[in-house]
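In structure tokens below, several structures.
Across the two complexes that follow, subunit A remains constant while its partner is subunit B and subsequently subunit C.
This part shows the complex of A and B:
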């Protein structure tokens, strides 16, 4: 009797020591307070995620009263062997890296400009936000008009400037389709990036700039040696977020090209969408989704790890 | 006052009870009307008007079976249907085309209409057309839609240029052969003007439909397994179009990336003498062509035959529909001879109904209607309709391969190898 009691006691009494809880007994209270925030997360993020993982292990296919059976990792084996998917993934990487880098450079320029004491700065800042207010589908439709081969403003402008002697079908030409949508991607994502960088810029202490100026540092030197290092954490955050957003981009490209011409702009998400909603391979499409998530996590992990190590030095 | 109110309540209560009683009594002879959702993909102005007018007429005449018009679009109908089928709440009556039916029928989403179709409707539509809606469903072969509008491939030609070149204007009974067609495009190619413009942004259906002229089917089935074949018959049309582009130089290469309607402005401006087109394109010419622009409809070309692959627009009933009989009643009324003629005029297509084909407008020589209507006899079942997985084959393999071939980036042999190797791989996913 006593032996069992002593045997069970240590873990119970040991708990407070193993997990120090300075506020004492707040565990349940904290959970209760977290609950309202947790419920939607569990319901709308974790739930679908788990369901997606489950689907990816089955042979779910479109069909009325279709019978679903468990197939283990077969779908993932098929993903590895699917050349079409990997070529689509390559396009996805070109797109995501291209858009993220260009977006960052353009947004940094814009943020630096908006950080100056210009006239009408408030108005300029508001205007710079405009693309943010538009849903991706609308952006896609709008740019489709810009790129229209016969009625588009781009062809008209270029011809008026005598830079072009015939109409180019930007979104349907094998060579120009991907660059064309990258331009739209950069335009769309610039506001977020600009806002974040602008906030970062305003956090750079003026004293540092003044001190550097007194020491005779040129504008370029001050930017390179003062502004950039101060901005580093912001840059790391926004570029990694941008990368994730871009590689998962769907609606805008769907509206622009639907993956054409001949699959030249078929981003991985479009590929997975087609597998599911066009050809009816739900299980396989879910496996593609999981695979994309894993690859993005790995790429991002390496990037963040590298950055952290650099800044720790 | 108060009493009046009370009695009003009583009456209302009585009617509610009466209604529910009528309902539980079953049947639709009495009681609550049923409501059918009708997903329509009509988009041309006249066709939209005809669709809506017919639905309104039906609703007025049939208070017990009300039809709710739902507007869909050809651009995203597949996605819309897949999601609504999966969600278990599809429209009752579905407008689509035969190439989409094969997949949906195989997945069990559509009702087999074989036993529901009234004899009158059955006899009014020829068997060849019914063939375009007959597929292997879950419960064996059945008819999964009522075919009503069909399209044939013709050429639209600038009348003045044909006259100047003194070429023979063909008729349905004496059509141009492909050889003759190639000779004539040479004659019509003068200076900066080309004989023809091939808009080949979506080349697959066009090439496959035309290849039947030489008996090219592109698919063969043996032992329940379908594979792609590109033999001498399949190569004819491919080679001839390629020759026009790069050997004869009678086709304008800059139109290759265009969709079907895109070359029209150039056609009006006299940049090319002819454009290949589905017969529906005549409508755009009537509406847009500059005044004084004279054009003729050239009937289907002849290889060994004038046969072309045909698909039909169809009306189907969802398997999840609670009112299949009422839906069929509506469909058979909606697609009777007179109404089909109206719909055909609205969409500038050929009706499947034999009665509708007698309509005076559809047989007059105005706007090439007589040629269009007569070209119906060239239409045969497109072989790819019966191929499980054709949609994926088309978008992943055939479209990019054909685009590269027509852009002269790969040879005909390389194209054939691509189509068969990669195509067979795709089709094997769908083998049962």
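This part shows the complex of A and C:
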């Protein structure tokens, strides 16, 4: 599977002229083979999705036998009037945009370096794999050790370099908590982004570069006028996906701060989780879920639009 | 000069990527006394394995590791058992279903987990599956399935249909063809799907947090997080050791299948 060729267009399914199955079996046979996969998907993801939208229109509570009544759009009105929601939403936006942008810039730099004939490339590739494979919880715990006010390496290093004269409690300080988790977010998501961008870079035709070089274009101009336009579809895809993944991030932040201090890192996911499973406001939390999903859908629209524009070219 | 700048930049990346990992490693081998020291050092003074034995001795950790193993193995096996026939059907028969399935794979990558978790919880509660491992296994299967299906389908399409036809001409029955001709060729794909499902389930936290309320039922990620509740420096060593141990299965399996995941990621830009 060549990565970049397929990266920009949806994979074709089946052959142009698929022959009928030699042994027959018909559509009923096919359905029988698909059934075991279909049941869990319908029961545990499509069903709950619709049920969740319904719940957002009710006053459902966490209790077992609570009576559920339909309240229309009341929950959404409550969401919009809830100061806690807006502060969580703002934090979520700073987090998702911040992490996505920094991830992209960092990954682009790394991909450009890995695309050249440098030593240590192999090491960087191996290292870049670790954040991808590690349980998100362990990533969170690991960075807690790094940020630890007394036993952490960050304070010790900064003090050795005389950049800091006292221990900072990075994850518990109102000012530093959000930037601190954003750094971890960048660390975590960089590998995937780098892999995709690198594949994209390797798909840029060499002739284009050579032609531009012959015309006397500087390295910077070649990057700006040749590489970036060629990469555009890949960039649109990966940044949109990164954004969605970052919005959905839960485990890592839960392990780092649990949303603290004072809600400064309470991403929308954590907010919705608390409303649902700590306070039992199922209906309200479902409305939060719908709201977050709408934001995600807007981004997805952007993503698909970018793809369609690409294939129309 | 330009070349040395590039190396400097690459070095910066290496440091950024490596230092948290090295610090985790270093912390895992430190004595409680050294952890209490106000001047943390990279190289442990008196490297010790006690943190690891402490981590093993902590009943809740070994118990939850065993439960994680049960869940992850069940998820891996059941996912492949369910996905294989479906992948075969999708790869061999061109139909609308095919498109729907592929679309679902993409949608599943950006699925609004927050929205789904509450109804899922209610459904599981009605089925008396809250606070049970089978409940968690079912949920994990559901969310691992789309990508596993996608992977396997690619492998099935790699098996030339002519092989099957040849076997049929030679008089092999349908089942025999599948078992003795197709299955061996699919083995690498099956292994990849197994490992992918295992890693996903082993690493998963959010659904486990919601579904498993009872500490006696907690999986490894849940227990690890609880470990941090008591933030005394003395507990950090065993925590680091346990975190390392929890990462090893994922790292090994990931190393085996990373090429495949990369291809998958770049092909459909689907998360691995």
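Just so it is clear, the second predicted complex is superposed on the first by the 251 of 313 C-alpha atoms of A that agree within 3 Å, B and C clash if a C-alpha of one lies under 4 Å from a C-alpha of the other, contacts with A are read in each partner's own complex, and residues count from 1 in each chain.
Criterion: contacts are C-beta pairs under 8 Å (C-beta built on N, C-alpha and C of every residue); 3 or more make two chains touch, one makes a residue touch a chain.
Because the structure is a prediction, the values reported are computed rather than measured.
**Student:** Let me test your reading of the model: by the given contact rule, A:150 touches which partner, first (subunit B), second (subunit C), both or neither?
**Tutor:** After superposing on A, A:150 lies in contact with both subunit B and subunit C.
**Student:** I want to verify the contact counts: of subunit B and subunit C, which reaches more residues of subunit A?
**Tutor:** Higher number of touched subunit A residues: C.
**Student:** With the two complexes superposed on chain A, say which partner A:293 touches: subunit B (first), subunit C (second), both, or neither.
**Tutor:** After superposition on chain A, A:293 lies in contact with subunit C alone.
**Student:** If we overlay the two complexes on their shared chain A, which of subunit B and subunit C does A:309 touch? Say first, second, both or neither.
**Tutor:** Neither: A:309 stays clear of subunit B and subunit C.
**Student:** Of the partners subunit B and subunit C, which touch A:277 in the superposed model: first, second, both, neither?
**Tutor:** Both partners.
**Student:** For A:263, is the partner it touches subunit B (first), subunit C (second), both, or none of the two (neither)?
**Tutor:** In the superposition, A:263 touches subunit B alone.
**Student:** Is A:64 in contact with subunit B, with subunit C, with both, or with neither (first, second, both, neither)?
**Tutor:** A:64 contacts both subunit B and subunit C.
**Student:** Between subunit B (first) and subunit C (second), which does A:136 come into contact with in this model arrangement: first, second, both, or neither?
**Tutor:** After superposition on chain A, A:136 lies in contact with subunit C alone.
**Student:** According to the stated criteria, A:162 is in contact with first (subunit B), second (subunit C), both, or neither; which is it?
**Tutor:** Neither: A:162 stays clear of subunit B and subunit C.
**Student:** Same subunit A residues contacting subunit B and subunit C, which ones?
**Tutor:** 64, 150, 277
**Student:** Please output the residues of subunit C touching subunit A within their complex, sorted ascending.
**Tutor:** The contact residues of subunit C facing subunit A are 6-7, 9-11, 13-14, 16-21, 23-24, 26-27, 35-42, 81-83, 85-86, 88-95, 97-99, 102, 104, 108-123, 125, 138-139, 141-143, 145-146, 149, 154, 161, 164-165, 168, 174, 199, 202-203, 205-206, 209-210, 220-221, 224-225, 227-228, 233, 236, 239-240, 243, 246-247, 250-251, 253-255, 258, 262-263, 265-269, 271-272.
**Student:** Which positions of subunit A touch subunit B when the two form their complex?
**Tutor:** Checking each residue of subunit A against subunit B gives 61-66, 84, 149-150, 166, 169, 172-174, 261-263, 274, 277-281.
**Student:** Under the definition above, what is the set of subunit B residues touching subunit A in their complex?
**Tutor:** 78-79, 82-83, 85-86, 103, 106-109, 138, 201, 254, 257-258, 262, 265, 319-320, 389, 391-392, 395-396, 399-400, 403-404, 407, 429
**Student:** Can you list the subunit A residues touching subunit C in their complex?
**Tutor:** 1, 3-4, 6-7, 10-11, 13-15, 18-19, 21-23, 27, 29-30, 33-34, 36-38, 40-41, 43-45, 47-49, 51-53, 55, 64, 106, 109-110, 113, 116, 118-121, 123-124, 127-138, 141-146, 148, 150-153, 156, 187, 190, 192, 195-196, 199, 237-238, 241, 244-245, 248, 250-251, 254-255, 268-269, 272-273, 276-277, 282, 285-286, 288-290, 292-293, 296, 300
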